[in-house]
Each structure stands twice: as structure tokens, then as C-alpha cells.
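Okay, so chain A shows up in both of these, paired with chain B first and chain C after.
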Partner chain A sequence: MEMWVNFGPQHPFTHGLWRLKVKVEGETVVDVEPTIGYLHRGVEKLAEKRSWVKFIPYNDRLCYVASMGWTEGYVGAVERLMGVEPPERALYLRTITSELQRIASHFVWLGAYSIDLGNFTALLFAVREREFILDSLSRLTGHRMTYNYPRFGGVARDAPNGWVERTIRYLNRIERKMNDFVNLMLDNETFLKRVQGVGILKKSVAKEWGVTGPVARGSGLKVDVRYNDPYLLYEEIGFEPVVEKDCDCFARYMVRIREIYESITIARELLMRLPEGDVMAKRVPRVPPPGEIYYRVEVPRGEAGYYIVSDGKDVPYRVKIRSPAYVHIQATKAMMPGCNVADLPAILGSLDVCLGDTDR
Partner chain B sequence: MILDLYRIAEAIRASHPDLEFDVKEGERRVVFKVKAEKLHNFIKFLRDEVGRDFLSTVTAVDYSDRMEVVYILGSYSDGFIFVVKTEVDRENPEVESVVDLFPTANFHEREVYDMFGVRFRNHPNLRRLLLPDDFEGHPLRKDYEWW
Partner chain C sequence: MSWYESPILQPVYVKAMEVLGPIIGRTGAQLLLSLIESILIIALIFINVLIIVWLERKILGRMMNRRGPVYAGPPLLWGLFQAIADFLKLMTKEFFIPRRADRLTYIIGPALVVFAGLAIGLMVPFGEGFVGLKNEASLIYIIALASLEPMGVMLCGLSANNKFSLMGGMRAAAQMISYELPAVLVLISAALLAGSVDILEIAESQSQIWYVAILPLGALLYLITVLAELERTPFDIPEAESELVAGFMTEYGGMFYGMLMAAHYISVFVTSALFVAVFLGGYGLPFGLNAALEMLPPALASLTTLLIFHVKVYIVVFLLIWIRAAYFRFRIDQLLELGWKRLFPLSLLNLVWAIAALGVLS
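Our next item is the complex of A and B:
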């Protein structure tokens, strides 16, 4: 007998406020129907009522565990409309903070995923290490989570005395400690049985569903905005994306774990050669000239896109935000049919959805 | 790279005579304008012949006197973005759905319907997405009264 079961809107496995209607036949999932919109705040409409600068903090709140990446997307898009080039030190600081943010965001995912699959210890380890990143960012920006740090033509504040050395020390510590709790998961037979071969998303299907970020890279697609369409300093440092070929939850898990190591390497290398100089461009207009742009950045979850139309007035004419998690929630339709009900948390967790930017 | 993009755009125009395009140098972007009735075929052409196998998003912009539906097409193997725009009638906006080409367009088109009232022909499930089903009006249209 087939029947529909609701996962959510309030359910520990949904990682936010959304609903997954699951059609089950016994223990087997036949079809799923994701429903979103419970967290809709009308950010795109709010943008049309705020001046260009005042809209920056809203981007921080799109995804509260990856604020820096989203703000970078909006600020970068408007900078290109304005034709403003930030000074080199600001570019370095923005690249470093983007990578630090990626490490912090992946730790949140790692903690949440471990607890989904019944490993409470790894959650505590991950959250402890994340606190070092948040400490470093709060010393730089004054906030633990919603930073409001990138600005048109630079960054809000220069790094305080001793910040660089302290952050390098933190990164070294995190890299050392990572080995402990990654092995805690990888040596765990129960964990491996729950993720290996589960939630298969084949390469061709992944392309049709438009997935990006770690989910696409776990399906063997070499796609990363930092690599395909480089921004900030990623072209200069010769960035190479992490790719795994297995297409299952374990591949997506390994992509994120390897990305944490990669981000640590990038951030540390850039911190070591952080140049001196200004952190703000000399002349920044208040309003961009009329025009439109599609600009994209790689946030920890995938490709974040901003389609911005300016009519030369003091408020944006239209801001369209393309969210990666929005697309991944849809892709559950391709991954879930055929799996067991007990596999649903493992698959959902491996997508790392964030409802703040999905519903906007 | 920039030269390549020009050559690709010219080659596309050779097979689509009344096409308008604008190459944005250095930004790796080309903007195409097509007629609404040719849109579906054009996107199919871009997917099959030009390798635009990644539909990033679908959106719309209300210009008060006209409305544009915008398709952002990328690729899984390079960094070029093709922006395809089509103008629709503002009073009775309607365009062919591309869900049969890209399943990912499903949510994106529902959101455009939700926010702008653009109807997509042959869409499998054209209901409101983010707003409640009994919501009145389409809030991202410029004539929407929000107070």
C-alpha cells in the first residue's frame, strides 16, 4: 500500500524549515515532493526599497552560516557595475575571509551530519574547531556571524595587530585536530554503511538538475566558480577544485572534508603573503550607472548568483538571488526514489541545505 | 577568449537571423535577445549545439512598460555565461516552459509565476512556490501595492 508521509516542516532531519512529502511503499521511497517557502522574507523586494549600501547586511542574513560568501557576491556584482577595483590588500582580506567562512560552514555541516548519523562526539569536535574560526573573524570584523565586512571598493576594517599570526596559529591547530575526528568517522563501520552507495546522483542526472558545489563535485563534475569563472584572487593562486567520482553520499562527504584542508592551505598561504597598503579604494561612487550584470561566486554550498539591474537611481531596480540549496532541494526528486526511509536523513544531510538562502 | 566569444555569437546569429546579442568583454558574458515564440527552440539549440548544459536560473524583470523573462545558461566545462532574454506582453505574460529540456527549471519557473505572474505553457505543476496558495497579486511587479 502506498501512502504519503510528511517530513517537516519541523523535523530534526530537515535542517531548517521546509517540508518533504514522501510517498512510501512499505519501507521504500517511491516519490518525493519538496515544499519550500516557510522562511520566505521577501529579500528581493526589500532590496528595491533600500539604498545600494543598506542592502549589504541583508546578504549576511541570507545564509547565516556562510555570510561572508553571500556578501562577497552582492558587493562584487555592484563593484563590477560601478567599475571599482578594490586595492590588493582588500582583495587578499576578502579571499582569506571567504575561505575562513567556508571552513566554518563545512564544520557546521560536518557536525550536523555526524549527529544525523548518530555520532555525537564528532559534532562536539567540529563545533569546537569552528569556534576558532569565528573567534578569528570576530577579531577582524567585530561580529561572530553576520559580519557586514566587504564593502564597495574594499573592506570595512583593516586587520588588527597580531591578527595574521593568530589566525595562522588557529589554522595550524585546526589542521592538526582535523585528523582526529575525520578518522573518528572514517573508521566507523556503521557510518560507512549508511553513506556508501546511498543517494546516487549520476553525472548526467546532476547536469540536468543543475546542481553545483560539493554535490556536483561529488558526482565527478569538475565545476567550481573559483575555477571556471574565477573572481578575487583565485586565478592568481591557481585554484584546483576537489572532485570525487563515486556520486554517493560518501563522495559528497569526502569532497567537503578535502575542501576544509584545501581552504586551510589557501587561507594560510594568503595570510603569509598579505601585502601592506590601503583596504579601501580612493573613489567609490554611491550609485552604479544604469546597467545589468550576472555575477556569481562560490559559497560553501555551491554557486551563488546575483542578477542585478540598475537604473541609475539610489536603490537597486531588481536584485535576483540564485541560491544553490534551492536547486539541491529540488534534486532530491532525482536522488531519493528507490531508497529506504532510513536513508533519507543521510541523503538530506549530504546536500547541506540552508533554508535562509533557499526561501530568501 | 574574448575573440572566441564573438565568433560563437556570430555563428549563432548565422543560424538565427533576427537575433540581437551583446558581448560583454572581460566578463565572460553574452546577452541574447530572442522573440518569445522562438525561445524554446533557441534554448534547445544552445543546449545541444553550443554546450550550454547548465541552467543556472530563470528570472524576470518588470520594466513597467514591458516585462522580460531572463534565462541564465552556463556550462559544466567552461566559465562563459549566456544570458537569454525575451520580452513578454505585460498584461498577458506567457512563454513556453523549458522544464522538458532542464528539469531544474521547475522551481525557477514556479517562482517567476509566483512573483511576476508569468505563465509557462506546458509546465507540469504551475503553482505558487514561496508564497501561500491564497496570496493575491504578484509582489515583484512594479505596480504591486504592498502597503
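Our next item is the complex of A and C:
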């Protein structure tokens, strides 16, 4: 007997406010139909009513788990329109905070994923480690989640005394504590049984659907804005993306786990080499000259793009935001039909969608 | 009736019969006393449920690097009364039946689940003399009632007219069928060794060596089937939170939900008690140490056996909580595969092992 079941808008598996219509036959999924739009706040339209600088905090609220990366995208795009080059120390701080944000975001994903698969312990371990990152970021920026830290031509404020040493200490601790997850998940047969060979997204299919970020890298595609189109300091440090070839949920899991290690290494290295100097460019115009730009950054979920048009007025003419999760939610249609109902959370969790930036 | 055979309650019984006998007649007095006895059994189970709920929250909390409940309750046992607070809250909630639900089965479902757990408790030997009902076929009675509980779960799922509940109910049914057989086969192997299907005799026949030493495979298999029967992690498939919201419990609220939760912990206690009775020597000590107990005054010895029994039960409960903290949820097809392809053949092997052991021992 076939029937349609609504997973969402209010459902523990949706990770946000959206709906997955699932056609099931017994325990087998025949078809899925993702529906979004429940969290639409009109951010792109709001941009056209705010001055350039006043729109920065809205980017923090696009994806509340990874604010820093999104703000970096908007600020970086406008900086290029303005032709402003931030001083080196600011670039370092922005790269470091981006990577710290990536670690925090991946920990949220890690915890949510373990609940999806029926274990509560890893969530609390993940949130515990994430708290150290949030502590470090709040010491730097004054906020725990929506930082409003990058500014046109630099950053809002310089690092306080002792912040560098403290953050390095935190990163060392987190690296050590990653063993908890290895013990709890990688050495756990019940976990591996749920993720290995589930939610296959072949390399060619992944290309067709246009997925980015860890989902694409889990399918063996070497797609990473930090590598393909380096921004900030990623070219200097010779960044190499993490790629796994298995195409299943486990590959995507491994990509994110390895990215946590990689981000820890990058952040620690940059913290040790953090140069002295100003954190704000000397002269920053209030309004960019007329022109347009597409600028992309790698947020923890994939490629975040900003297409910005300026007509020289004090508000943007158009801000178009490209969300990675928007593409990933569509890609459920390529991965879910034919799987088991219990695989739905496993697959969806491995995509790590965020509805804040999908609906905008 | 039988609790009054214990040295502690015997004088009470005699006295009560003396006083009540002339007033309401001998039969009436016996009926009244049996009623009181069943209330005592239920009270014992519920006190244990309270402690298990508290222990689960506290131990799970500690394993997860958090503290669990901290406010309700006496000093040093913080959070002990949290379950009572929850109970009161659930009691005061609206009595709610969904409009399209099948009203009769919707109510019967939770009642059946609670009943099955409590009815098993009637036959479990809690201590020397503390057996609600002595019967030569009590193991068969327990097996029958243990399969009644998933039936209640299935009724809950089918009656609520909710797709998630329905899927949860069907999963419960599939789970029940694939786990009944190995569980029964393992219990039979223990009954074979004891030469009886009386749970009391099985417990008492382990005065020299516990069956967990003779049938280690059987004990392991039974622990796994216990997990499946209790619908606990890693087999909490009928109520799989992430895909089925709350499974068969989705449409239940207020005291109905409270009953289902209480039933779960009643089953945890009773099934652990059963595990103790069948594999860990019931309320006795191994290596013939029970003789030492006989040197104590009878009332004290009886209390000691009660204590020994509870210590063993809580060891099993701790194991269940530990497993919950460490494992992920199986998928329903993996569970069926495990049930039929692994546990069933292994339980047959265990039966053969038991027969061989019987030959060696006798």
C-alpha cells in the first residue's frame, strides 16, 4: 500500500522548517518531494532597503550556525566592488574566524547527525567541544552566534590580550577530544551499519545536481572554493581540500570529520603567525561605485555566492544570494527514492541543510 | 497469598486473620489480604520504577557529561522526585482522544501494556518468600504475557489514525515476531537445566552455580532479546524519534503517555528481574553460600535475599542504561536480519549446548 507521509514542517528529522513529502510503500521510500518556503524572510529584498553597511548583520542571520562565513561572503564581495584591500592582520583574523566557525558548525552537524541515528551521547560531546569555539569567538567579537565581525576593509575589533594563546589551547583540547567521536562513532558497528552504503550520490549525479561543499567532496569531486577560487589567505597557506570517494553517507561523514582536523590545523598555524598591525584599512568609502560582482566563499555547507549590483546609490541595487543547502535539498530527490524510511534521517543529516539561507 | 509465607509478613497474616476472620469470614479476610498483597507488589514495582527512572537520567547524564535532574528531591539524591513531578504534571493534563481515533483500542492499548508488565511482576521471585503467585508453569505464563506487551504497543499504533503511529505499530509487530522465538528458546534451555518450568525452581536450582556461567551464550542472547523486547536503544525502532516522531506514542498525551512511559520502566524492571531469576541465580548466592544465610534470623535472611535480588537487578539495569548511551539505532531490516539470521540459529545452538551441559552435569 502506497501512501504519502509528510515529514515536516514540524518534525524532528527536518533540521529546520521545511517539509519532505515522502511516498512510502511499507518501509520503502518510493518518491520524495521537498517543499521549502516556511522560513522566507525576504532577506534579499531587505538588502535593497538598507545601506551597504547596515546589511552586514543580516548575513549573520542567514545561517545561524555558520554566520561568520556568510558575512565574509557579503563583506568580501562589497570590498571587491569598492576596491578596498584589508590590512594583513585583518585578513589573518578573518581566515582564522572562518575556520573556527567551520569547526563549530561541523560540531553542530555532528551532534545533530548522532541524534538522527538514535544516539544522544555524541550530541552532548559535540556541543561541549563547540562551546570552546563559541567562547573563543565571543571573546573576540562579543557575541556567541551572530558576530557582525567582518567589516568593509577589515574587522570590527582587534583580538584582546591573551586571546591567541587561549584559542590555541582550546584547539589543542578539541583535537585531543576528537578521540571521543572516534571511539563512539567510528569504532561503533551500529553506527557504521547505518551509514555505510546508504544514500549513494555518484560522482556524475553529484555534478548534475550541482552539489558543493562536503556533499560534493564526499562524492569524490575536488570542489572547494578555498581551493578552486582562493580568497583571504587560502592561497598563501596552500590549501588542499578533503576528498572521499565512497559517495555514501559515511564518506560525507568522514569528509566533515577530517575537515574539523584540517580547520584546527589551519587555524592554529595562522594563530601562531598572526602579524601585528592595524585591523582596519585606512580609507574605506561608504558606497561602492556602480558595477556588479559575483563573489563566492566556502561556508561549512558548501559554496555561498553573492551576486551584487551597485548603481552608486547608498543602498544596494540587488543582492542575490546563492545557498548551498538549497541545492542539497533538491538533491534529496536523487538520493532518497528506493531507500528505507529509517535511512531518511541518515541521508538528510549527511547533507547538513540549513533552512535559514535556503529560504533567505 | 504467597508473600504472607515470608517470615516477615507471616505474623502479620496470622494476626490479621485472627482479627478479621470473625468479622468478615475467613474467605473474606483472605480476599482482603490478597488485595493488600497485590497492592504491595505493585508498590514495590513502582518504587523500583521511580528509582530506575532516576538512575537512568542520572547515569545517562553522567555518561554524557551533564548532570541530569538536579532540583526535585532530597539532598544527596537530587532529582529523585523528578519522576513524581512529571507524574503529577501528566496527571493534571487534559484527557485527550483524537477525533478520528478508534476510541476503544486507543484506551485499551496503554492499559494492556501496563497490565502486561505488572502481571509478569506477580510471578517474579523478589526474595525468599516474596513470590506473588507460586505456580509450576510460571515460566510459560511469563512468556505468554511478555508477548502481550508488543500487542498493546501495536494496538496503540493502529488505533491512533496517524501514519507515524501506524508505522511504529507495524514495526513493533515485526520486532515482536522476530524476537519471540530466540527469547523462548533461550528460556527453555535454562528450564531444561533446572528440569522445571517454574521460575522459582529455576532460580533455586542455581544455588551452586549460576546459569550465566553454564550458558554464557544464552545469557548474551537473552540480553539482546531483552533489549529488543523493551524497545530500547539500539532496538528502539518502533518509537524511532528521528523518523517517526514518537512512533506508536505520537498521538498519546497526558496520562496515556504517562502510562506508556511507566509501562516501559515497569518492563525494564520486570525483565531485568527475569534475567536475574533465570541467569543470575535469582535472590540467592552462588557456590552454596545460601547456607550462610540460614544462620541469620529468618526475617533478616528474607530481607537479605530481597536486597541481594535488587542489587543484581540494578546491575542489569545499569548495563541497559550503558548500552543506551553507547549505541545507535538499528534499521528495521537490519534488526530482522539480526533476529532471524543470527539470534535464531545461535539460540538453537544454545539449546544444544544446554542439552550437552545437562548430560555432562548429571
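Here is the rule we go by: the second predicted complex is superposed on the first by the 360 of 360 C-alpha atoms of A that agree within 3 Å, B and C clash if a C-alpha of one lies under 4 Å from a C-alpha of the other, contacts with A are read in each partner's own complex, and residues count from 1 in each chain.
Criterion: a contact is a pair of C-beta atoms (placed from the backbone, for glycine too) under 8 Å apart; a residue touches a chain by one contact, two chains touch by 3 or more.
Remember, it's a predicted structure, so these values are computed and weren't measured experimentally.
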Comparing the two partners chain B and chain C, which touches a greater set of residues in chain A: B
Partner chain in contact with A:305 - chain B first, chain C second, else both or neither: first
Which superposed partner A:36 touches (first chain B, second chain C, both, neither): first
Chain B versus chain C as contact partner of A:285, first or second or both or neither: neither
Which of chain B and chain C A:342 touches, first, second, both or neither: second
Residue numbers on chain A that touch chain B, as the complex places them: 36-37, 40, 42, 44-45, 80, 207-210, 216, 221-223, 225, 228-230, 293-294, 296, 303, 305, 307, 309, 317-318, 320, 322, 326-327, 329-331, 333-334, 359-360
Footprint of chain C on chain A - complex, ascending: 3, 5, 7, 11-13, 24, 27, 114-121, 124-125, 128, 184, 188, 190-191, 193-194, 340-345
Of chain B, residues touching chain A in the complex: 27-29, 53-57, 59, 61-62, 70, 72, 75-79, 81, 83, 102-104, 106-107, 115, 128-132, 139-140, 146
Touch list for chain C against partner chain A, complex: 60, 63-66, 163-164, 167, 171, 233-234, 236-237, 240-245, 325-334
